[in-house]
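Encoded as structure tokens, the structure appears first; notes follow it.
In this document, chain identifiers A, B, C, D and E correspond to the written order of the chains, with residue numbering beginning at 1 in each.
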Amino acid sequence: MNLGRVTGRVWATRKDVRLEGQRMLFVQPSSFSGKESGGLIVALDTVDAGVGDTVLYVSSSEATVPFRPGLMPTDATIVGIVDEVDHKEGSWTPNPESSDG
Amino acid sequence: MNLGRVTGRVWATRKDVRLEGQRMLFVQPSSFSGKESGGLIVALDTVDAGVGDTVLYVSSSEATVPFRPGLMPTDATIVGIVDEVDHKEGSWTPNPESSDG
Amino acid sequence: MNLGRVTGRVWATRKDVRLEGQRMLFVQPSSFSGKESGGLIVALDTVDAGVGDTVLYVSSSEATVPFRPGLMPTDATIVGIVDEVDHKEGSWTPNPESSDG
Amino acid sequence: MNLGRVTGRVWATRKDVRLEGQRMLFVQPSSFSGKESGGLIVALDTVDAGVGDTVLYVSSSEATVPFRPGLMPTDATIVGIVDEVDHKEGSWTPNPESSDG
Amino acid sequence: MNLGRVTGRVWATRKDVRLEGQRMLFVQPSSFSGKESGGLIVALDTVDAGVGDTVLYVSSSEATVPFRPGLMPTDATIVGIVDEVDHKEGSWTPNPESSDG
């Protein structure tokens, strides 16, 4: 899994029928400290993430696990909203408000 | 999933029998703003995309989902034609004409 | 899928039993214009490709599709011999002789 | 599989239900000598690894094998704690204390 | 598949139960001529490879094929010991002694 930040959204009217009703979000991969790393991807969202949230996303074919037993043509899916990051240099709370609700 | 722009087409007479009748398109991966990023790939098309269209494509083994329960030897498939991109810097409509039809 | 050019062959006597009788070819990934891009891989061949041919190969776990329902330990398989490439800059016929036979 | 060093931990309250109770650890990929190589990932832990441990982790869809027959949305899982590394330049014992218990 | 050279070995006492009794070898990816390319990986061995051997290894989820129908948490497995490499520049016999036995 990887850490990333939601930075936007994509709309497509003409698309695979399985993608109907799915939110497609831009995710900027980031390091433990929130610094950007690597190119932007488009991920499906299963945890109601919003723009600005630091999230955990899973890539490769396991991105379909949250949709099973159904089929979903996705290679990246957001599976968690990060509350806290504990790293060598100390602790970091990327989404302070999201752990309140 | 990734954003890309269709830039051409490939033909092959001698090929895996499952690829008969499939359109094979060149896709140039691009960033949220349409800027090129990374090397060209060849993707199958399930949404009748044309050269110049900005599309969403899925890679890895989930590229086969649109063809299930059949088998298809593909690791990249176009699954949507992008209507609108909403990013930090604002909104972008890459394929204005494709949302009209 | 990706474009590549067959550049050689590999032999292994001691190998997984499923690879017996399979041709293992070197493929140099290439761009739409035939220019080399990225490192050489070893691919199985299902279309009787020869050294010098420009081919389409599929990577990741879908490389096994041409061998199903059998199992095959491969992550790259040649699935087509390219007749023609149509790109922004025009048309290109990488293997003129292979479309004749 | 790859070698890596556990460098921290991530918490997420809002997440895919299958991730409940799973430890999510930061792993810094490293080379045979322990030198860092490549970007940090987040891996699930099946061997009770701790911060500072040098571990073996598996990526891609085989990261789910330790959880089968259950489903788990992971693309990286720690599957071993390294006792000893034997390389050209000699032997290395990255976690001397972990082989004692 | 890729070419590589076996450069060492890794031991882990605490590990996924499916890895018990499996040899875990360091493999240095290499090009057709034996030159190093890319970072070291850890692969399981199914052909009794030794340090110094030039081998073929398969990555991604097809690395599990040699272990089926069993499950194995591996994303890289050695599936052949290379006898001969035939490339543009001529022929190369990386493991002359291994083809004798």
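The rule is simple: a contact is a pair of C-beta atoms (placed from the backbone, for glycine too) under 8 Å apart; a residue touches a chain by one contact, two chains touch by 3 or more.
Everything quoted here is computed from the prediction, not taken from an experiment.
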Subject >> Minimum number of chain-to-chain touching steps separating subunit B from subunit D >> reply: 2
Original post:
At what distance in angstrom does the C-alpha mean of subunit C lie from that of subunit A?
Top reply: 34
**OP:** Go ahead and note the Å separation of the Cα centroids belonging to subunit B and subunit C.
**Re:** 21
**OP:** Going through subunit C residue by residue, note those that touch at least 2 other chains and give them in order.
**Re:** 59-61, 63
**OP:** Could you read off the chains around the ring in order, subunit A leading and subunit D following?
**Re:** A, D, E, C, B
Original post:
Where on subunit D does subunit E make contact in their complex?
Top reply: 1-3, 31-32, 37-38, 46-48, 56, 58-63, 65-66, 68, 77, 79-88, 98-99
Original post:
Mind pulling up the subunit C residues that touch subunit E in the complex?
Top reply: 7-16, 18-19, 24, 26, 39-44, 59-61, 63-64, 71-76
